[in-house]
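Chain naming follows the written order as A, B, C, D, E and F, and within any one chain the residues start at number 1.
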Amino acid sequence: MKGTVIKISGSAFYWKSVDKSLPPLLRLFKNLAAKGERLVLVAGGGETARHYIASGRKLHVNESMLDDLGLRAARLNAELIVGGLGDLAYPVVPENMNQTAEAFATGRVVVVGGFHPGHSTNAVAALIAERVNANLFVNATDVDGVYTADPNKDSNAKRLKQVTVSELRRMFGDGEMRAGTYELLDLLAVNIIERSKIRTVIVKCEPQMIAKAIRGESVGTLVIA
Amino acid sequence: MKGTVIKISGSAFYWKSVDKSLPPLLRLFKNLAAKGERLVLVAGGGETARHYIASGRKLHVNESMLDDLGLRAARLNAELIVGGLGDLAYPVVPENMNQTAEAFATGRVVVVGGFHPGHSTNAVAALIAERVNANLFVNATDVDGVYTADPNKDSNAKRLKQVTVSELRRMFGDGEMRAGTYELLDLLAVNIIERSKIRTVIVKCEPQMIAKAIRGESVGTLVIA
Amino acid sequence: MKGTVIKISGSAFYWKSVDKSLPPLLRLFKNLAAKGERLVLVAGGGETARHYIASGRKLHVNESMLDDLGLRAARLNAELIVGGLGDLAYPVVPENMNQTAEAFATGRVVVVGGFHPGHSTNAVAALIAERVNANLFVNATDVDGVYTADPNKDSNAKRLKQVTVSELRRMFGDGEMRAGTYELLDLLAVNIIERSKIRTVIVKCEPQMIAKAIRGESVGTLVIA
Amino acid sequence: MKGTVIKISGSAFYWKSVDKSLPPLLRLFKNLAAKGERLVLVAGGGETARHYIASGRKLHVNESMLDDLGLRAARLNAELIVGGLGDLAYPVVPENMNQTAEAFATGRVVVVGGFHPGHSTNAVAALIAERVNANLFVNATDVDGVYTADPNKDSNAKRLKQVTVSELRRMFGDGEMRAGTYELLDLLAVNIIERSKIRTVIVKCEPQMIAKAIRGESVGTLVIA
Amino acid sequence: MKGTVIKISGSAFYWKSVDKSLPPLLRLFKNLAAKGERLVLVAGGGETARHYIASGRKLHVNESMLDDLGLRAARLNAELIVGGLGDLAYPVVPENMNQTAEAFATGRVVVVGGFHPGHSTNAVAALIAERVNANLFVNATDVDGVYTADPNKDSNAKRLKQVTVSELRRMFGDGEMRAGTYELLDLLAVNIIERSKIRTVIVKCEPQMIAKAIRGESVGTLVIA
Amino acid sequence: MKGTVIKISGSAFYWKSVDKSLPPLLRLFKNLAAKGERLVLVAGGGETARHYIASGRKLHVNESMLDDLGLRAARLNAELIVGGLGDLAYPVVPENMNQTAEAFATGRVVVVGGFHPGHSTNAVAALIAERVNANLFVNATDVDGVYTADPNKDSNAKRLKQVTVSELRRMFGDGEMRAGTYELLDLLAVNIIERSKIRTVIVKCEPQMIAKAIRGESVGTLVIA
């Protein structure tokens, strides 16, 4: 009973464009499910998470509760997908790992937001891939892969076709960690990918890109454990 | 062990102004708690609820799950208050009536969002008032009381100093009910107020107005059971 | 994955006759399940609910807890059906909407009592129909439909073949609401039926009547949203 | 933080007389709580439990679910006491041992029904006494103590002032065990009393008798571990 | 939907030999599941339970919490089996009867440890057999059946091919009960077997013996209800 | 309501010496609690965790479930402390952050094991410190502080009186992460300490050392955020 875990970028839930960005993704997920693909979808917190975290920070809410606001926002995004998938989806958004494993065992598409303070949704996705013995983790994100530098700042930045976990660790290892600022793959996610040797592809959050990654075509950046 | 239930208008959580609208309310709640007032705060879903419900409706999510999106949004708002109150607040947002009763028994300020599909946050507030034997339900809302007509549409509309539940029922009785469109007090809230004879005041959601209502001064509209 | 929600009148659980009234209903439910009908059964609280609510009221228990007594009683009745259906039934009585949706997803017959104070079991049934996208809500009750007047008091009362939600609302709109006195369809149930356009039939709680309603034959009173 | 566990006979909840039998007991519990006595009350299932178990048996419900019906009935009785005690009581009926320990830690009067199939409410009471380190277990029952024979059948039967657990075990050891037929103290309860050396008094379920047992006066039958 | 409940002796989890004793058992369970056998496995607490109970007793932990330590240890053993069975197993260890019934309804192999203080894992196994209407309870234990005397102490002790519950009750009826000292079948287990007439076989915890018991061959000791 | 979070080294729970190592720690915690210190204790998994993880790995259990075995083992250790502290402790071991916050709000000593796969108990301790706004995190461990090199391998290794989080990150940043091999402070713990500026002291797990750290004396290694 293999499966695929897809982290859906929080950017797919921008308030202004969510009614345009979600339907094509929902069609993809329905098609994949119809073909018998076992899916777990992990929704990012996106704009809603950032807003609540920023508001909370102004009110001096502590970082742990800011994380909690972020994961509640991600669950809102997750429930939007559950509702959009109708009977294909497990009808409730699981809130921890055991609930996720139980939901996955039913064979339906499982959709989660965050689990616990201190975990990015990327780490949650990697942890789920590990628990349900998924054979693929697609990290569908804002950018179309890992670059040698920030492509928005450096025009010489090049996309890497593949990257090792050690290289990833060097890249992200000294970044400061504050609620809402997790990027691409944080260190916990990288460690999980490494220890369980989870095939991981980082792609842009677009239906065709995700579909390609699942079909095993070369796309985005492959992470080598 | 008497107490006060305050429904906080979703408008207190407008994204653009939440960092200005919440701090004065938080100061009020801290002052009240310091004086020994037993409080349950019920956060409305506001802008976030409306957005997710509207987005869900475009994705053909059913009304029951739209309600669920609305109450999850209200819980996000509730958690912002929990974080802002710090140690005065019960540290977790209760998700049903029994959890609320348990939290109230600790003596801390309890903050909730919604509970269950089919319940407006107004009805939730009335139901809590009933369960914890509160002696006052302050419905802090967008308008400064019940009017003879919609004050935004009819310049002759007059604020009523008091109104009976029967009159309220006539006013709201034939309104259509869709997720996110609950107004002032819906029928379930009115029925609860009536059956348990809960002293209810509808005021504008401003600290001074709420404070006056709690001190027993004439403000807004008093609902007579 | 369509389904049918059946509200079972609390009268099916009269202590003196429950061993006669339940077996024919259980046979019907088994037959329906064998034919692939997806069922959610909502047990009314009946005599047990009324007794505990009346006893509680004499002890000055508040209305919210009286509702709670009523829904606990309804769960007892629900469990009797679960036990009687054996392996066809989901083995546990769900206690809220999410648990019900999870149970429904298994394909077994789901049996619930009440959920939350402030909700009649009628409203619970309508809310479930909405959540699981049921195509029919059969309200199996004491009377064989909606009458122009109380048939027990007025010999000229006539059964209506169909009734609109607006008419229902007028009929029940000004009734007082106390724990244990909910009738036929209360206002919350009517509102839910209307907003989700749930095909609803009110019939007498007898196996043949319920079977007819499910086969789409004209029986009892059809509620038009 | 010592405490007393009182098992309240199911007979205190007879439908016809509950409004007469409970008030004096409630007054006693309020008085004891006012004096700082730490109380856990365990309600028997009584008439309601017996009815549902008998009905379930006719419907061929298995013994495990019959036990479940019995403990749900006991929780209904428990909630009647919670409601009657108002703010003195922990506001929710705990459903397992850990919840009971958490409730007891709040200092309020805790009221439970049953916990788990296979446990009589007597055994539940003994197990709670053990967990919360209670210094007294008062088993308030139908009879005024342990007799040398069944006093209803044998006019020579004599009440024992005290009895050892070994003697109790001999008396009850060969009784058949079916849901709803647990008597006085079943073997599990006796074993618990013995292993934790819980001071146990069996008295008639009347306020004065319970009060005497708590004051340490000679009443009913003392069980010697 | 018949099934088999197998109590796995805690001795299968000896620290030094668990990596040798479990694999053959796991192979058996996989084979049985592949043939469509519906299984519930109940892991004993074994060495880990005994260690924590002994340590707790030295720290003056009360008997109820010692039981809790024991059942937590049993759950650790249970999770080892869940992990070893992979996708054949229900992915989470249920912690009470209702969760177990829900897990069993999925058709996967369910693995549990203990449930509640006061219950041996033997009693838990019997209670589950009752709840899920199992047609066989295999008690896989340290010894190869019930003997006329302790075979370790009395060389004339003979294994009984079958034994009645009354005889079992006489044998164990006067044993003292302390956390961690439950033997073979305690009285609660015996009572459950009797009241639900569960076919019960006591065998040595070895794959071939368990397989024989399931195939209905004469092995170990048959308990006659 | 400030507080102190103490991570207790798994080595305090060695099977052979736990009855000698725990009592002095329990005395310290009782003394601290008596002085009004607000405590959260986080038990490491120690020998039991290592055994179950090693056994699970031999059975090809996946890393996520190995983590789960580890945290269940840590909860066993935690419960030993709960039992040993008696009424001073919150009576149940919380299993996630919200439960911990609720328990902490009661004012009792809270004892936890692990929470979630992917979190070391060190990270759990840091996350709790953050959530409950603790003013001190004492990491009581096998060694008496952070050294310039492994003191067991390098006789020139020197204990650092203080260390910055950046230095810690460099030291541990490239370590492989497998269930059961978390050391001192892993990266997640370091990140949490940094983002919330939690005063952190690493000391040897001995009562006097912990006491000194709490009194603010120079001991072990101070981590500078």
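FYI, contacts are C-beta pairs under 8 Å (C-beta built on N, C-alpha and C of every residue); 3 or more make two chains touch, one makes a residue touch a chain.
Every value quoted in this text rests on a predicted model; they were computed, and no experiment measured them.
Undergrad: Report the chain pair from C-E, D-E or E-F that duplicates the A-C interface, where duplication means over half of the contact pairs agree by residue number.
TA: C-E
Undergrad: Just give me the whole-number Å value for how far the CA centre of chain B lies from that of chain D.
TA: 42
Undergrad: Would you mind pulling out the distance in Å between where the CA atoms of chain A average out and where those of chain D do?
TA: Going by mean C-alpha positions, chain A sits 53 Å from chain D.
Undergrad: Averaged over CA atoms, how far is the centre of chain A from the centre of chain F? Could you give it in whole Å?
TA: For chain A versus chain F, the centre distance works out to 30 Å.
Undergrad: Spell out, as numbers or ranges, the residues of chain F touching 2 or more other chains.
TA: 62, 65, 68, 86, 106, 133 - these are the residues of chain F that touch more than one other chain.
Undergrad: With touch defined as at the top, which chains are paired up in contact here?
TA: Between chains, contact exists in these pairs: A-B, A-C, A-E, A-F, B-C, B-D, B-F, C-D, C-E, D-E, D-F, E-F.
Undergrad: Which stretch or stretches of chain E touch chain D in the complex?
TA: It comes out as residues 62-65, 68, 96-97, 115-119, 123, 127, 130-131, 133, 166, 169, 173-174, 176-179, 187-188, 191-192, 194-196.
Undergrad: Along chain A, where are the residues that touch chain B in the complex?
TA: 15, 18-19, 22-23, 26, 48, 51-52, 55-56, 58-62, 65-66, 68-69, 72-73, 75-76, 79-80, 82-84, 86
Undergrad: Using the touch definition up top, name the residues of chain A that touch chain E in the complex.
TA: Those in contact with chain E are residues 1, 98, 101-102, 104-106, 131, 133.
Undergrad: Across the complex, what residues on chain C touch chain E?
TA: Per the touch definition, chain C meets chain E at residues 86-87, 90-92, 106, 108.
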